[in-house]
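First chain written, first letter: the chains are A, B, C and D, and each begins at residue 1.
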Amino acid sequence: MPPVVELHGVTKRFGAIEVLGGVDLTLDAGRVHALAGENGAGKSTLVKMLGGIHQPDAGQILKDGVPIKMLGAADSQRQGIAVVHQHPALFPDLSVAENVFIGRQPRRMGRIDWPGMISRANELLLRLGVALDVLTPVKALGVAERQAIEIARALSINARVLVLDEPTSALSRREVDRLFELVGRLKVEGVAILFITHFIDEILGFSDDVTVLRSGRHVITAPVEEFTPELIVRAMIGTRLEAFFPKQQAKIGAPVIGVRGLSGAGFVEDVNFEVCAGEILGFFGLVGAGRSEVASMLFGIVRPDEGEIEIAGASVRPHSPRDAMRLGISLVPEDRHNQGLVLPFTNRANETLPVLRRLCGHFGLMRRDEEKKIATDYSARMRVVATGIEQVTGTLSGGNQQKVLLAKWLIPGPRLLILDQPTRGIDVGAKSEIHRVISQLATEGLSIIMISDDAEELMGMADRILVFRNGRIAMESRRGAFDREALLLAAAHAPRSSDAQPPRAA
Amino acid sequence: MASKAIRALIIGAATAAALLPAWLLSPKAQADDFQLAMVIKSSTNPYYKATLAGAEIAAKEIGGSVKNYGPTESSAQAQVDIINNLADRHIPAIAVAPSDPDAVVPAMKRAERLGAKVLTFDADSSGGRPFFVNQATSDAIGRFGAVLLIKSLGPNPQGQVAIVSAQPTAANQNLWIAAFKDEISKYKGLTVVDTVYGYDNEQKAFDATVALTTKYPHLAGIFAPTCPGLPAVARALESVNKGHGAIKVSGNCVPSITAKYMLDGTIDGFYLWNPIKLGYVTYYAAKALVDGKIQGKPGESITITQGKWPGKYVIGANGQIVTGEPVQFTAENYKDFNF
Amino acid sequence: MTGIGSGPGRLARSRQGGVLARLLRVRELALIFALAIICAAVTLREPRFLESANLEQVALSATLVCIVALGQALIIIARQIDLSVGAMVATGAFVSADWLSVHPHASILWVALIGCVVGGLLGAGNALLVAGLRIPAIVATLGTLAIYRGGIIALAGGRQISATVLPDSYGHIAEIHILGLSLLVWLAIGLTCALGWMARFTRFGRNLYALGSNPEGARFAGIAVRRHIAGVFILSGVLCGLVGVLWGARFGTVDAVIAPDLQLQTISSAVVGGVSIFGGSGSVFGAALGSIIFAVLQNGVQLIGVSQFWLQAIIGAAILGTVIFYSRLARRAERSERRSRLARSRS
Amino acid sequence: MSFPLRLFVRWETFLLLVLCATLILGTHVSRYFATSSNISIALASITPVAIVALPMTLVIVTGEIDISVGSIVGLCATSMAVCLEHKFSVELAMVVGLLVGTLAGLVNGLIIVGFGLPSLVVTIGTLALYRGIAQIMLKERGVSSFPDWYQSLGFGTIGNGPVPWSSLLFLALFGAFAIFLHVTRWGRAIYAIGNNREAARYSGIDVRRTILGVFVASGAVSAVAAIVLTAYLASARSDTAMGLELPVITAVVLGGVNIFGGSGTLPGVLIGLLVLAFVQNAFGLAGMTPEEQEIVTGSVLVMTLAIFGLSGAVRRLWRR
């Protein structure tokens, strides 16, 4: 049996830059093929080619051994290729059923067959084991539910190839498990699956074959059994392999910030903790468990209903990010593109955005020289790889954008730095550099709260880990006593029941 | 590099293309011929086609040329811009029909400083002109409408009368309405109940008339001294089945768009003055002013010896040349007024 | 809160609140409620408002705005905007009336066809700029507003085409009555239902909602985004051309400056009718109701003896009032949604 | 900042080319084009639009829009007129006008920020509301009792040269706005908000207050435009400045400001204004009627944008 889809020596250039050079890839029915590579390795371009958004400059795409040409998303769907994007591209105002069938609504006598569409959508979601009212507008749903809709969409076109573009980076652990279960069912039905991820665990635990790309070039393809984590990482980053979590032990000082009985935002209930100078406090938990909500409260984005925040012995109540900054709190937000950076700005303008007031002379006039000096300084400290501080941030790679974001929030000179998922969706090299910086900052006496749903990462970096579950602190663990299983169990022991997702089918 | 070159090329070519049509408008031989620019209230009002036609007749008789300049929508600011522009083109004579009597004055004064001769016609400004060529006195126009309406109401006129005007700020209309009300007040049985505005817009005049007929179910008459408001009033009355004389209508507008309603009996008192003659005399007066034959002082006069409307036109004590009287249009005579 | 346009079964989903609150969730019902209040208030001051002759005239003056507002609503739903509608109506009206004055014995259907074709061509001009050259709609139609309006004024050369030169049969279109209602009103009702059906039951219609809701997502879902945008602009043009023809039939006189502020009227109608200015939600029924509300306000203000000078202020206040009302409603719905999600997640 | 700077290299240089072409065209079309009296009147006639274009640039860069400016100008003019009717001094009337304008802008801003409503919809509402209030206040009356010194603000020039007093006023305002937008922290905040509102909020910028401020500025500066316009027209009526918003938005967009916010410069807008002023003036001198000028103005707007769209499309093709 020929492979369902084959890519032969596909090449793609944007202007002078070659993003893909002669890449081969084979997708077989009933197998999960993982695609690994750092950011900028060409993974997204390859996905867009399969989705019909880009066309190869050279090389061929074969379907069942026959060369095909896809000039748009519609062509790709017609070929039975379904792409589930990292950020689900759904229509918030439309209902679940319509989102599943958009562009291909079932028709009867020229008109859209609403009852038919509703029952077919119900059927598909049932097959996926997801209970959802199919007339709910999508804007009322969460990320995991949205991804389920994307997969239902793939099912609805009877896709023979399912491409999952970093589907897990926006999901919590439990949701990831559910996703794998869903995909597992499709695999049994004979769908060829291409799976792109940053998580090496997922590659090893879930896929059948692995292909690694590096700088647009094909490095290796082999069955998963032949890989070890080290092997994959080495293939991804080539010769430079740095230690993953270069934690330096810092001297832990006096408490900087204390939180008592914090409640509110609908999720957080009676949270107590304190952070000391030089300490890295890890927040671990599922999405929606309350960890990010606590960070929003500390940073003045959400107002707590109850509770006290103490900084240097004084009770404070930040009403806005500006208030929080005045109190010496910085927050590196989770969503780099929407909350973190102004992408069309230069690195300089992005980095100095929180301290504009400090860079002003009379009448609010900016002091350019000082601004440049600060920006250059911090860019260098963060080892931002760019043509200079005047490069537009949007043109940087994800890892470098994250470094700019980190620089932005160090410039105010915080006492407490909150990092919400600081290494999400960035490549291994940048990840390790950011870890180095965080560790370095702690040794300089900064208090750090680091939020992550990668237990491994927190165990490597944190001095103490708080596990959140259902808006409460479920467990506290100190360095030396970290136990991966215990952490995961504490976070997911009593799964939140949700109408959208009934307990996993037995 | 290549893309940059292409971009430059395209931009260059397109800029040239964008401005080419204008380039073809090479300067016309700036003849020293007499030129009159008539600054009108709005270029879509057919009334001013008639005044222009009159001026063109005069131009044929004594030489020179004339052209209309008006904003697409009645606007004082646009008229000021037009006058300023004409002044800088050094057009020898500018005749203005101001839509706002005050706004045009500084621009008219500026045009005079730049050497143009400026006068007003059709409507007067509050200053800045030597004299005003008036189609008929405002008083006469207002009273004429009242007389026609009263006549159509029969020997013992009774009931409610309403007015549909143009803009609330239209100076001419406001003067006419004042005269109209004064004339109506002489009759005990008649009361003016309402004044509404159609803003020179058929739709608004239409809707306003419909509301009037609902609000005053026993309305006897409507006075609509507005063009193109008058035909819209008539059309609205027909639409609510109160046309054909059920509600009597008088008003002024050009025959070309109104005659139908006069013929079918919806408009009883349909009148105007002779706008062709107004344009004709305006042209002669402007020429005399430019030639230095008159300075525009009261008591001076222009005499037309040969031509369509020969006669002696005197500038009155109020600084006006009155070219005629209101004319009622009837089924017999309307075809003679081809405008 | 998206109104019935985003799919059937909206009512079934409302869970909380009293009956009234639940009904108000569906914007069209809230509008009908508001309309009833306005009508009642006007009637209290001036009972003659309810006379059938007056109501018919109100319906007729709503008709013309309504038909254009349908197209405008679809355009806004697709996250675009069309500022050139007034100029397209004027062009359609003038060109078709001009042709009719030369061919007085031609069938009225030909005239309607000419109007629609002219409108469609102008709409295609907008489509070319917006979908073809990717100029933002608000800017592109600002430009074509000037070009089309200037063009027709230049073409008309100060002429007006009046009932005097037009055949009587043309003017009689406005007086044809079927089952007691004017043909024009039937036409508006028919078009509203047809376009409402299209928006709900055809792929084209649903795709408009989709690409207004998430343009990028629409591209990824394989919807031909540019073709849809072009289509909806051409549709709006055709509707404008048709209204141009009806305009002449109703008002008897056509010149190049008719419908000067139609773009504001239609956008206000759509917005008051519950169409979100950010696209993706709302319905053509709402826009039709919006145009009726404005027609009633206009007529009502003139009837109840408030000076005409107050009309603008009242219309402005009405627009502000409705959008503020909607935002409160949406916020309350959001809050209760959040609360119920929370309750579900806690249970 | 380099983003607008890069744009400057592209859009503003292009506009300068168009401006030069317009000027050459002007001198070709009429020998009176280059006279000081003509240049002064071309500048004076655009000044009210130009003044309102300054805050409009800020509003649009923030990602909002203000359709109600024409009505605010009308309302301010009407308020001044009512003051003069009550025999107040013209200075006091100007102060009242400024206060009314500021208040109108404040109301816009409060509704937009307070209820979180789209500014397009809100200002369509206040467009009707403010015009309505002006009509209620002044009804059919026109007021022209402005003193001579005041009227000279309309098209009186400095020492009979080519520069009108009103342009001087505009230049002062332009300088202030250009400095504000391009070299102060508030300007930076405005660009940040226009590009990414959420990120601006997370960076400690008070987004709501900034937007409120921008709308208040729009109202206040519209009052200044009302002063210049009533001087230009030597009178005030309830329909003063009807439809002013269209040329203002046209000029701002022509000046290279992205209608969706986030980019554009005031020097660009200045060039855009000059192009508009001289295109209209030159075509007027060539004997074109206003409707023909309208076509040309619309075409210049659409064509400049289309050319950019086309050159972009060609570049994309080339890349492929």
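Everything below uses one rule, namely that a contact is a pair of C-beta atoms (placed from the backbone, for glycine too) under 8 Å apart; a residue touches a chain by one contact, two chains touch by 3 or more.
Just so it is clear, the structure is predicted and the values come from calculations on it, not from any experiment.
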Chain separated most widely from chain A, comparing mean CA positions: B
Averaged-CA centre spacing for the pair chain C and chain B, given as whole angstrom: 35
Centroid spacing, where centroids are CA-atom means, of chain A and chain B in whole angstrom: 71
Inter-centroid spacing, chain D versus chain A (mean Cα positions, whole Å): 44
Junction residues of chain C, two or more chains touched: 149-150, 153, 309
In chain D, residues with contacts to at least two other chains: 135, 139, 289, 291, 294, 296, 299, 310, 319
Contacts with two or more other chains, residues of chain A listed in rising order: none
Chain pairs in mutual contact under the definition given at the outset: A-C, A-D, B-C, B-D, C-D
In the complex, chain C residues that touch chain B: 46, 48-49, 51, 53-54, 57, 60-61, 64, 149-150, 153, 156, 158-160, 162-165, 171, 174-175, 247, 250-253, 255-260, 298-299, 302-303, 305, 308-309
Complex contact set, residues of chain B against chain C: 42-46, 48-49, 68, 72-73, 168, 196-197, 201-203, 206-208, 210-212, 214-215, 217, 228, 231-232, 234-235, 239-241, 256-261
For the chain A and chain D complex, residues of the former touching the latter: 14-15, 299, 301, 320-322, 324-325, 331, 333, 335, 338-346, 349, 353-354, 356-357, 359-360, 363-366, 390, 392, 408
Chain C contact footprint on chain D (complex, rising order): 111, 115-118, 120-122, 124-133, 135-136, 139, 246, 249-250, 253, 259-260, 289, 291-299, 301-302, 305-306, 309-310, 312-313
Chain A partner contacts - residues on chain C that touch it in the complex: 2, 6-10, 12-13, 197, 200-203, 206-207, 209-210, 212-214, 216-224, 276, 280-281, 337-339, 341-342, 344-345, 347
